[in-house]
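Next up, some structures in structure tokens.
In the two complexes that follow, subunit A is the common piece, with subunit B as its partner first and subunit C second.
So, the complex of A and B:
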């Protein structure tokens, strides 16, 4: 296929020039090769609206990226940069605009620097979490990375889509913890931000802002340039790790539970708080009697659920606390945490794992590895066919609305979203036990995973309709998504409409200024080049 | 002692179930086997089918990697390094989730799944037999 608006001869010319820059071996045009860039979790698999790629180019250096971008600009070829293309659940390696040429940055996989006295790293976009972890382990450096689940993605790519992890404080907001960038602009010019704009800078990986306007945010979830290097702050390797769980008996106890969790987290006492319910979670109700209760017409009352929790000697909600640091410190912090929750009537505490590093192998095997900075792929095991999962899916889409960090907001979100599923006559992904994810440390994300199938177009259509309905329901309640697959980026960004879409109009002004030909990632997060805005549709 | 061809015939097609529509026939699979010098296999240790395949592989002197669905250790300690320096053909019988991971990773090293066959009724769950090998650059590349 050809990129939209590009003739065959112009495309052939572009391909030839790309080959001259990166070498023939690194330009991919065959059907077999470009098929590898399909979104592995596409909600349009096999349909006419499925996003396809016309070609892919894999440069090795920022200078090659610059030359490729200049050619694309001259010939008006739409390009779509990817790092490792593993952002499954949010679009993977596929562009927003079908027919784009993928700019595959996986060959740019150098770790430029890791400093374990000042605790930062500078990497290229092809560096995966596995790569950076290996670099640190092989050199015995005393720093931890913060990893998402799975760990095969790009450190830069994940941050650029505002991806998140599981570790301590700000480190798990991967864009927040970045420090400085090198970017190839749509003109082909290479710019460095923050302290990197100072030649021979000694603090590029340490201080974010440089001087003057701080522009880094413009390159996240956007299409104003191609990031070719990025710095990240890293956690000093802690001496030990301890977990402890707080269990509360009543549904309404979620309010003081969250208040206590917020106090501890925002004061830097704990790492990522993990809310849960002993009564069930993503998999639904956790026992047969409870499932039967849930199946009652009209659903069970809160009293019935609380009685069941008491009868089975489980609480209604739980909060797993994670402590990182010196042995004496983490033990004292756990004692302090218990004091914070002591006023909740009937509260129970369970001390969990304690690891003094380096961990023994059996401790590592048992641990939630992402919480201790170890990248892995075990998350894919949960999708295997089993008695609880008789019909495995071919992938998923993440619906990721942000709600306030309060217990009241959790309870409200449960009610609102359960009703939304009822209104659409769809099986609910939300229950009275659903809790938010806590990847970002100053908001909750009430995340839901929707199945996608490669052989069930009808189900995919229903999923898309439900997803779109939820975007509107969430917006009506002041809950916006923080990240979304390309299929829904237009609708999600349309919801951010304050003052007649003033933010989008500002983005478009910037886009017209820096990328007048609209060659980079057209349509990403709702930012279309001027010549395509009339085609914008949710 | 079985030869390689017989070994792979038994291991990769021992179930009576059909090869996926659109995938290559057994005959072309053997052509691939002869052409691709397979020295290592990956097997899901919870599967009797895969374990039997593993036993045969070991007897033939192939290196056999046993996993329990999670390919992390195999990837990190073996394949990531190996594929960086010299992508090598690999065969296996695993859960579909394991093949999905390997397929996604293989693509970054110029490799792809050249053969796959689903064993839908295998225990403890559906298994898939597969070969991952370096991609041949398309001879009919439209823009050479």
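So, the complex of A and C:
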């Protein structure tokens, strides 16, 4: 396969030059090798619109990246940088533009620095959360990293796609908690941002802005350069961890429950709040009587659901609070939190786990590991074969709309999205017990995971149609996605259309100035080079 | 007689080297396993691969991958490069062909013993 608009002789020339830069072993062109760069969770698996790759190049240093980019820019070869290539559910290692050459940065896996007195790290793109965790543990450093669900993801790559984690406060927003970048521009020139622009800077990983305009945001979810180093703020390792659960009896109690959660979280008292419903979770209703109630024509009334919650003495919604810090402090914070919710009639409090670090193995086995900064892969139990799931999926897609951080918004999102599934005659992924994810510090994500299959094209088509419908329904209600797989990036970014797509047009102005040949990640998050703008489609 | 000694010596030397090479291959393969496979296929809670294989084989085979005695190298190589269910395939920048050889050798070590190698 050739990249679009590139002749065979020009492509051969590029490959030869890439081999000269990184070595023959690190340029992949065989069908067998480049197939490994397809999105393993592609919603177009086996269809004509599946995104393919023409070749892959794997440099080992920023200087090699720079030389590869210069060649690509000279010969106008479309390239697509990946870090560890594990952005599964949001596109994996595949580009937006079929036929691109993947710039695979996995070999660049050096931890440059971790400082456990000033609490930051500087890493390369190939460093995974497992790698950074291991580096810190082996050296006994007193810092925690904030980890997302899949531990094999890139610390840099996750941040660049605005990925999120489970730990304390704003550390969960991995782009927000980064500090300083090294970027190879489409011209091949290497720049450092923030304090890194100062030769011999002593505070690159600590102060974001340097002086003058702050440009780091331009490189996330975009195509203006290739990030080759990045700093991250780290959490000082806390002495202990305590959890406590607040349970409220009525459906409408979600409103004061969220208000209390916001007050505690935004003031820095708790880590990530975890909302739930004792009546049901991802799998829907949790008992047979409730399932039959749910199956009633027109569904159950709120009163019927509340009666069921009361009868089974379980409560309607819950909020799990997580406290990090000194033993005396976390216990006092839990006591204080109980006061915050005391006015909710019928509220119950259950004290949960307490861990004094270092955790014992049985505590680790029981814990939600990502909440205490331990990377793992247990998220993939969703969809994997199990005793309850004899028909495993072949992957998943995440639909991730942001909604306001209120109880009212949760109830509205439930109603709106349940109707959206009914309107499309699809089984609903949303129920009256659904709650949002809480990774963001200041907004909720009403996330839904759709299964994808390698052998069921019809099902994948239905899923894509449902996904598109949800994007539209969300936009109609003022909810936009924070992140989305390449298959939906055009539609999602089209929805951010205020003032006749003024933001898109500004991105395009920047693209034309920074990358006039349009070589880097064409189409990423709806930003196409000038010569391809006519062909973009939602 | 002398020639026999020389040949025997050569054979012992060859076998010792072969054993050392096998041990080195197994050790490298074990490291690849620990780094790339254990987090899904190892022991303990929260391991999707172990959960999946337990559900698939219902006790007829070990659910933990490196306890299996029936994994021919070609089987390991197939799944690493093709993926299965929610397990994606792995690129050569993640697991090189040489590392995959070592991994496959490590996972086949018990099968080889059973065959009386």
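Here is the rule we go by: the second predicted complex is superposed on the first by the 533 of 538 C-alpha atoms of A that agree within 3 Å, B and C clash if a C-alpha of one lies under 4 Å from a C-alpha of the other, contacts with A are read in each partner's own complex, and residues count from 1 in each chain.
Just so we're on the same page, a contact is a pair of C-beta atoms (placed from the backbone, for glycine too) under 8 Å apart; a residue touches a chain by one contact, two chains touch by 3 or more.
Model, not experiment: these values are computed from the prediction.
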First (subunit B), second (subunit C), both or neither touched by A:29: first
Partner, of subunit C and subunit B, that touches more residues belonging to subunit A: C
Which of subunit B and subunit C A:376 touches, first, second, both or neither: both
Which superposed partner A:106 touches (first subunit B, second subunit C, both, neither): both
Subunit B versus subunit C as contact partner of A:365, first or second or both or neither: second
Which of subunit B and subunit C A:41 touches, first, second, both or neither: second
Subunit B versus subunit C as contact partner of A:15, first or second or both or neither: first
Contacts of A:152 with subunit B and subunit C, given as first, second, both or neither: both
First (subunit B), second (subunit C), both or neither touched by A:166: neither
Which superposed partner A:393 touches (first subunit B, second subunit C, both, neither): second
Overlap of the subunit B and subunit C footprints on subunit A, listed as residue numbers: 32-33, 36, 40, 84, 86, 106, 130, 152, 376-378, 380-381, 383-386, 392
In the complex with subunit A, residue positions of subunit B that touch it: 69-72, 75-76, 80, 95-98, 100-101, 104-105, 107-108, 112, 125-126, 135, 137-138, 140-143
Contact footprint of subunit B on subunit A as seen in their complex: 11-12, 15-16, 25, 29-33, 36, 40, 55, 84, 86, 106, 130, 134, 150, 152, 376-378, 380-381, 383-386, 392
Footprint of subunit C on subunit A - complex, ascending: 26, 28, 32-33, 35-37, 40-41, 56, 58, 84-86, 88, 92-93, 104, 106-107, 130, 151-152, 365-366, 369, 376-378, 380-387, 389-390, 392-396
Residues of subunit C defined as touching subunit A within the complex: 35, 39-40, 44-49, 51-56, 81, 83, 85-94
